[in-house]
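What follows is a pair of complexes built around subunit A, which joins subunit B in one and subunit C in the other.
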Partner chain A sequence: MSAFARFATVLLAALFATTLVAAMFNLGAPTVDLPGAVAAQLTHSGVAHPVAAVLLNFRGYDTLLEVAVLLLALLGILGVSHDDGVTTPTPPGEPVLQALARMAVPFMILTAGYLLWVGAHRPGGAFQAGVVLAAAVVLLNLARVLPAWTRPGLLLRLGWVSGFLIFLAVAAALISQGHLLQYPPAWAGALILLIEVGLTISIGLIMSGLFLLLTERQTSP
Partner chain B sequence: MTLAFDLLLALTLLWSAWRTLASPDLSRAVVMFIVFGLLMTLAWARLGAADIALAEAAIGAGLTGALLLDALGALKSGAPSKEAP
Partner chain C sequence: MSPGLIYALAGALLFVLGATGVIVLANLLRKILAFNLLGSGAFLVLVGLAQRDGGTDPLPQAMVLTGIVVAVAATALALALLRRLHRLTGQTRLPDEKEHG
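Now for the complex of A and B:
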């Protein structure tokens, strides 16, 4: 790149950044008081934490589609990670690392359960819990306790889709009420917990699938 | 004191983002990306968004960092066996 082009790029980028900052400072007051609206409806949502109420009740449709997108990403990876039949035996992992992984994983599962349960009234929730689960699986794989998923079985496939299917089933069961994903207030807490449990397992398996389906089948010395 | 911390955090964020993009050494860039994720977690926590901070720590710094490190290892150990006859 010539010096002039570089100078012009930097100048344009700086101009753009200045415009953005100026626009941010000139934002008008919001016309709708969304936090107030959420707080007013919080008692009917089945959960006590505003973020969880928005994610799973008021805007449950968005979360449903998010999980669908995650599932699609996994399907794409499944498409490219074909089993070439090469199964070179992996060398045994470090004993210290394996012992550490075996000790850490129960606590990670416990943390995931805590995050899932506490998501109803504090920061936490299914996504965070699922990712902690996925981190546990990845840790086991890195310590060579768990081999890479070369041939995903039926149970694993069911786990991948379970969260989305449970969410979809709840949505389908409630559609007779006229609105998509409008839970009856008496059942909202239980339904949200059911959906979140399914989501946690699914997200954990999908996120670890992103790693364990793509990781090297054979390890270099 | 709080303002000084916030300013320091913002500067470190920008610096680590720049190092991530500009570093010629890929493994250093990946480590700087993880550092950026952890600093971003702090920034979200400072903004009072604990939910996003949790997600950023777990996904941004943890899982993405592990994925990038794994990809780096695969790149360094040469082409995978699929290319070989």
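Now for the complex of A and C:
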């Protein structure tokens, strides 16, 4: 990119920023009361927290497609990160770090379980819980307790897709309700919990995979 | 000026900064970082504008939560592709990009 083109781009960006800021100062009040609509339907949603209700009930298909996107990204990474035998010699892990990681991980799993359960009525939920699980796996890898995933086995692959498949099965079973992912109010809470448990495990494993499939292969110390 | 509006304004500036970076920078790692900045700016605008009158709106919050996860996945895929490119060609920029940046 030439110096002139760069200068022109930066100038256009500055103009764009000014327009955006000016537009935000002149915004009118919203014409639809979405928070009110969510609050009005909250008792039928099966959960008590508005964000959880939107994520898993009112706009459940967003979450379904989100898990599909996660799986697609993981498949892409599996496709380009085939094992080429490149290993980097690494020093063995620090004993203190390893001991700390081994002590921290059970509490991280406990925290993930708490976040999953509390998601129905407070901030929390499947994604937060899954990410805490993934952080535990990454911590184990960084402490050299857990090696990089070179050849994912059947169990790991099943874990990756289980959340999406459970979600899809619930959606397919409820298709006779008329709309996609319209839960019967009496069953909504139980179905959402089932979906969230599957999502937590899957998201934890997928997020771990995003790191452990890309991290350097280590020679065994 | 409510705190929500300040968040939204900062988000708009971050968005423009990121968008400019994606266009101007040649190094792909910098492009990916700029793309993340762009995304974070969009999230700030969504959440900030929705609560500029004080009350919170669960709908944009749920959308941003979805967006964050998708952004993480996209970033990981982009990094995997970049590493593959680097391993194959030794370059961290696209073939048609000249010097600079």
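Heads up, the rule we're going with is that the second predicted complex is superposed on the first by the 198 of 221 C-alpha atoms of A that agree within 3 Å, B and C clash if a C-alpha of one lies under 4 Å from a C-alpha of the other, contacts with A are read in each partner's own complex, and residues count from 1 in each chain.
Note that contacts are C-beta pairs under 8 Å (C-beta built on N, C-alpha and C of every residue); 3 or more make two chains touch, one makes a residue touch a chain.
On a predicted model such as this, the values are computed, not experimentally measured, just so you know.
Engineer: Once the two structures are overlaid on subunit A, check if subunit B and subunit C clash or fit side by side.
Structural biologist: fit
Engineer: Output check: A:51 vs subunit B and subunit C. Expected answer is one of first, second, both, neither. What do you get?
Structural biologist: both
Engineer: Write the angle, vertex at the C-alpha centre of subunit A, between the C-alpha centres of subunit B and subunit C, to the nearest 10 degrees.
Structural biologist: Reported to the nearest 10, the angle reads 40 degrees.
Engineer: Which partner chains sit in contact with A:62 here, subunit B, subunit C, both or neither? Use first/second/both/neither.
Structural biologist: Only subunit C is touched by A:62; subunit B is not.
Engineer: In the superposed arrangement, does subunit B or subunit C reach more residues of subunit A?
Structural biologist: Partner touching more subunit A residues in the overlay: C.
Engineer: Contacts for A:17 in the overlay, against subunit B (first) and subunit C (second): which applies, first, second, both or neither?
Structural biologist: second
Engineer: Quick one: is A:124 in contact with subunit B, with subunit C, with both, or with neither? Answer first, second, both or neither.
Structural biologist: first
Engineer: Examine A:166 and indicate which partner it touches, taking first as subunit B and second as subunit C; both and neither are also allowed.
Structural biologist: neither
Engineer: Output check: A:108 vs subunit B and subunit C. Expected answer is one of first, second, both, neither. What do you get?
Structural biologist: It touches nothing on subunit B or subunit C.
Engineer: Quick check for you: in the superposed arrangement, does A:132 touch first (subunit B), second (subunit C), both or neither?
Structural biologist: First partner only.
Engineer: Report for A:207: first if it touches subunit B alone, second if subunit C alone, otherwise both or neither.
Structural biologist: After superposing on A, A:207 lies in contact with both subunit B and subunit C.
Engineer: Once both structures are aligned on chain A, how many angstrom separate the closest C-alpha atoms of subunit B and subunit C?
Structural biologist: Nearest C-alpha pair, subunit B versus subunit C: 6 Å apart.
Engineer: Can you list the residues of subunit A that touch subunit B in one structure and subunit C in the other?
Structural biologist: In the superposed arrangement, which is not itself an observed complex, subunit A uses residues 51, 84, 127, 207, 210-211, 214 for both subunit B and subunit C.
Engineer: Help me check something: in the complex, which residues belonging to subunit A touch subunit B?
Structural biologist: Per the touch definition, subunit A meets subunit B at residues 51, 84, 86, 88, 115, 123-125, 127-128, 131-132, 134-135, 138, 142, 207, 210-211, 214-218, 220.
Engineer: Quick one: which bits of subunit A touch subunit C in the complex? Just the residue numbers, please.
Structural biologist: 1, 6, 9-10, 13-14, 16-17, 20-21, 24-25, 27, 29, 34-35, 38, 50-51, 53-55, 59, 62-63, 66, 69-70, 72-74, 76-77, 80-81, 84, 127, 203, 206-207, 210-211, 213-214
Engineer: For the complex, which residues does subunit C have touching subunit A?
Structural biologist: Against subunit A, the touching part of subunit C is residues 5, 8-9, 12-13, 15-17, 19-20, 23-24, 26, 49, 52-53, 55-59, 61-63, 65-66, 69-70, 72-74, 76-77, 79-81, 83-84, 87, 97-98, 100-101.
Engineer: For a test of understanding, state which residues of subunit B touch subunit A in their complex under the given definition.
Structural biologist: These residues of subunit B touch subunit A: 50-51, 53-55, 58-59, 62-63, 66-67, 70, 73-74, 77-78, 80-82.
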